[in-house]
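Shared between the two complexes below is chain A, which has chain B as its partner in the first and chain C in the second.
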Partner chain A sequence: MFEAREMMVFYENMIALNNVSINAPDAKIIGIFGSNSAGKSTLMYALSGIILDIKKKEEMRGGERISVFGRLFLNGDDVTNLKPHLRAKKGIVLCPERRRIFPESSVMENLKIGAYLSSRLDTKNNIDYVLNLFPRLKDHLNRQGGFLSGGEQQMLAIGRALMANPTVLLLDEPLMGLSPAYMDIVVKGTKEIRDTKGITIIVTEQYARPVIPIIDYGYILENGSAVLEGTGEELLNNPDVKSAYFGV
Partner chain B sequence: MDEIVKEEIEGNVEIIIYGIINSIILSLMALGFTLVYSIARVPNFAHGALYITTGYITWILLNKLTGFPYPLAIAIAICVTAVIGALIYRFILIRVRGMEISEIIATYAIGLAILEGLRWGGLRGGTFTLPPFISGSVQLFGVSVDYQRLLIVGIGIVTFACLYLFTHFNRVGLALRGIAQDERAAMMLGIDSDMTAIVSLAIGSGLAGFAAILLLPLGNIIVEVGYNVLIFAIAVCVIGGLGSWGGTILASFIIGFAQILTEAFLSTHYQMVVALFAIIITLLIKPSGIFGKQKELEERV
Partner chain C sequence: METMRKERIDRGVRVRASGLYAISSWREMLYLMGPPLALIIGVILLPVILELAPYWKRVINIMCVYALLALSFDFLANYVGLVCLGGAFFVGVGGYLSAIFNVYLHFPVYLSIPLATICGAFICTFLLMPCLPLRGVYFAIVTLMYPLLATRVIEALDILGGTNGITGLDSLPNEYVEHYAIILMTLFFLYAMRRFVNQDVGLVIRGVKDNDQAVKASGISVTKMKAFAVCIAAFMGCFGGAYMSHMYMWSGLSMFALDFSIIPMASVVIGGGGTLLGAIIGSFILVPLSEVLRNFGTFRIVIYCALLTGFIVFKSEGIMVYAMRKYHQFERWVKV
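Take a look at the complex of A and B:
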């Protein structure tokens, strides 16, 4: 059970997240939908703790003032003030927007770097698991990450995050810029991760249609606030949502 | 007639052999600097000071405590330097991380303080020397080379190999490379960026010390060497592309041979000019260095 209570994030005086509460029960997929600048990435940064690092760097530079409020709980433990690497240790792993794979390392090395927290045996099992989940990666094991196509990079990014043995996997816009074929692979892979590993997955996306069939519960963000929530079906049948997010 | 041809061949062989030796020496000097820059993104301008510190600590252990074993002195000196490097990050650089100018000022100030402190504390004159590991020399294709220089080449190559293996097959080494390529992405995978920076500074400083132990027996331990080492390290790194390992080694060979050639055909005291001139040319033609590889890849993606 991963729980965010009343998260608020300000960049200077601009509110990026307004009182967003999210409940992610074990082994469920939670969808977060919203347009550009709705606060999806900020929410992901807040959940994964990256916002604390951004805040620290900005403070050192004398740049933007960032304020974060609200509390985060993982299985009842307060993780609000944990640094990103410690959150990853607890099992909250972010697969970031635009993938951010290590461009100069090979596919295999990317996976191995992801396995920093895992034991040797886990690493071996996880590599097998990832290559089974995304067999296409097998053909490129020795290729540099930077030379993969967007879809392959996305598969690698998800695989790399899985190597860290997450209990909560945060996927930030995993379908961005992918072809429909790759979208399908990534969506199916996401579902399989939940079903076979029992990992809680929180996925954000602008274009909700491909993701909505696999989610157990969803939220819709607008200007930093969660304006609507419900199961996939409820969201799908809501007339406002339909016109705004599904292009019907 | 035959005599002249023979001499010419010997001259060429000498240029090649000493060129290789000089190149490896340069890359050893630059290795620690590159490592720290590529991982922690900190230009460690205290590099030369750490180099001299290691030599001086070894000298003190050997000469103030009679009968102190040489290998133990070396090990202690390198460890002390590594700890100094780690402490520099832990207490000073951690506060200015990410602000390049402050990092340069801070590390340069530390380097200056150490070097001038040593000078003030008595590191003056030509009496400070370390003994070579094995004295004597050998004829190689008709060129006389001393054992210390041969050892430098051998140990240098082994060091490169060890570093390669460490960063490609060791868990911590891989984490270092992850941080070097994308700090935040690595953080999300559970890698602590401050810890890796401390480790990289410790290893980088240790490498500076290691180079000092290998190279100082060729000359005297004097403060000026600290400044020269820093300049050579920066020259090699700028030409090879900051933070690029392959570039560092290639650039060492370019400058190394250029120096030996100027020495053979012009004069010995142009060595520093060659290094600085190479920096200027690089900055004019390809500012990111020979292997400005990271940028090219980013553009592709």
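Take a look at the complex of A and C:
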């Protein structure tokens, strides 16, 4: 059970997240939908703790002041003030937007870097698991990450996040720039991760149609506030949502 | 419990001064003109004030030479994306050229300095041309190697006076010409650069720093732009060198000393990168400081380093960034 209570984030005087509360029960997929500038990425940064890192960097640079409010709980433990690497240790792992794989390391090395925290046996099992999940990666194990196609890079990014034995996996726009065929592979993979490993997954997306069939619960963000929530079915049948996020 | 957050808001006078209302009253005009005028007048009056302490008058000149170098470092690092440790190379080339023009070719001072500046800028650009495709630390290393290379070449071939250097340069006509030549040039370069980086060419150059592929895609030659930027930076550095060789009436191997590469970098860190003015303020602080610390002997390096480290750790944004924020904005607590 991962819970965010009344998250608020300000970039200087601009409010990026306004009182957003997210509930993610164990082994469920939570979808977060919203257009550009809705606050999806900020929410992901806030959940994974990267925001604390960005805040520190901005402070050092003399740039914008970032203020973060609200509380985060993982299985009842308060993780609000944990640094990102400690959160990852606790099992909250982010698969960042635009993949951010290590372009000069091979696929295998990328996976091993992700497995830094886990034991040798876990690593071996996880590598097998990831390669079964995304068999396409098998053909490119020794290729440099930067030379993979966009879809393969996304699979690799998800795989790398899985190597850290997450209990909560945060996927930030995993379908960005993918072809429909690859979207299908990634979406199916996401579902399989939940079903086989029982990992809680929070996934953000702008275009909700491919993701909506697999989510258990969804939130819609608009200008930083959660304006609507419900199961996939409910969201799908809401006329406002339909026109805005499903392109009907 | 009520949560509070600190809010930063532009001062009213700043908002008014940003539009046509800037000329509505003396207060707005003073707000805009005050700081630059204070700097210009302050620097110009410096030699007169320091009549009281003659020892420090020499320091003004050195300070301004370092300010020029810091300006060129700041420009290259924060606007073009080239970390250039070649300050010493610029100074050395400028110094040696003006010595050649003055001593060997018997040009008068007012010809040898400008000629050395212009030729020096082109020579430096030409020599740095092959390393322009390099980025980040590689460019820094190559530019750091050039002054070392130049010293060894002069030493080994025993040309240009060898280890003794070239002596007997003409001095500048009198003390006040000496001060004001460098002070006015520093101020000129400062405001020229501030203007330049906001011109069309300047915008393209800034684009090179952010994303050179996008600049290439817009049909602009990145190498040409970088060469142009290096030429401008070398121009400032060579002027400093040419001026200095005339000030000391000597040009030698210490013109290639690493100080000319390192201290400008430190002043940019202290003053705040990317502000241009910060680079100048930084060197106006660091150079007199190292002069004061001279009394401590070699211990001064310790104090110097401690101060720099402290600055980087606790105020890494730099003096100018901090001061500008305080000048333009105020803070208050608000309820979330």
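The definition used in the following text is that the second predicted complex is superposed on the first by the 248 of 248 C-alpha atoms of A that agree within 3 Å, B and C clash if a C-alpha of one lies under 4 Å from a C-alpha of the other, contacts with A are read in each partner's own complex, and residues count from 1 in each chain.
Note that in this section contacts are C-beta pairs under 8 Å (C-beta built on N, C-alpha and C of every residue); 3 or more make two chains touch, one makes a residue touch a chain.
The model shown is predicted, which means the values in this text are computed figures rather than measured ones.
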Chain B and chain C placed together on chain A: clash or fit? clash
On the A-aligned overlay, A:Glu234 touches which partner chain: chain B = first, chain C = second, or both, or neither? neither
(Q) Contacts for A:Asp139 in the overlay, against chain B (first) and chain C (second): which applies, first, second, both or neither? (A) neither
- [ ] Once the structures are superposed on A, label A:Asp26 by its partner contacts, choosing first (chain B), second (chain C), both or neither.
- [x] neither
Chain A contact check, chain B vs chain C, more residues touched by chain B
Contact-wise, after the overlay, does A:Glu104 reach chain B, chain C, both or neither (first, second, both, neither)? first
Check the residue A:Asp77 against both partner chains and state whether it touches chain B (first), chain C (second), both, or neither.
-> neither
**Asked** A:Asn13 contacts which: chain B (first), chain C (second), both, neither?
**Response** second
Review point. Does the superposition put A:Asp195 against chain B (first), chain C (second), both, or neither?
Key: neither
- Can A:Phe69 be said to touch chain B (first), chain C (second), both, or neither? second
On chain A, the footprints of chain B and chain C overlap at residues 60-61
In the complex, chain A touches chain B at residues 48, 50, 53, 57, 60-61, 83-85, 88-89, 93-96, 100-105, 109, 112-117, 144, 146-147, 153, 160-161, 163-164
Interface with chain A, chain C side, in the complex: residues 3, 5-9, 272, 316-318, 321-322, 325, 336
Contacts from chain A onto chain C in the complex sit at residues 8, 10, 12-13, 60-63, 65, 67, 69
The answer for chain B against chain A in the complex is residues 95-99, 168, 171, 174-175, 177-178, 181-182, 184-193, 293-294, 297-298, 300-301
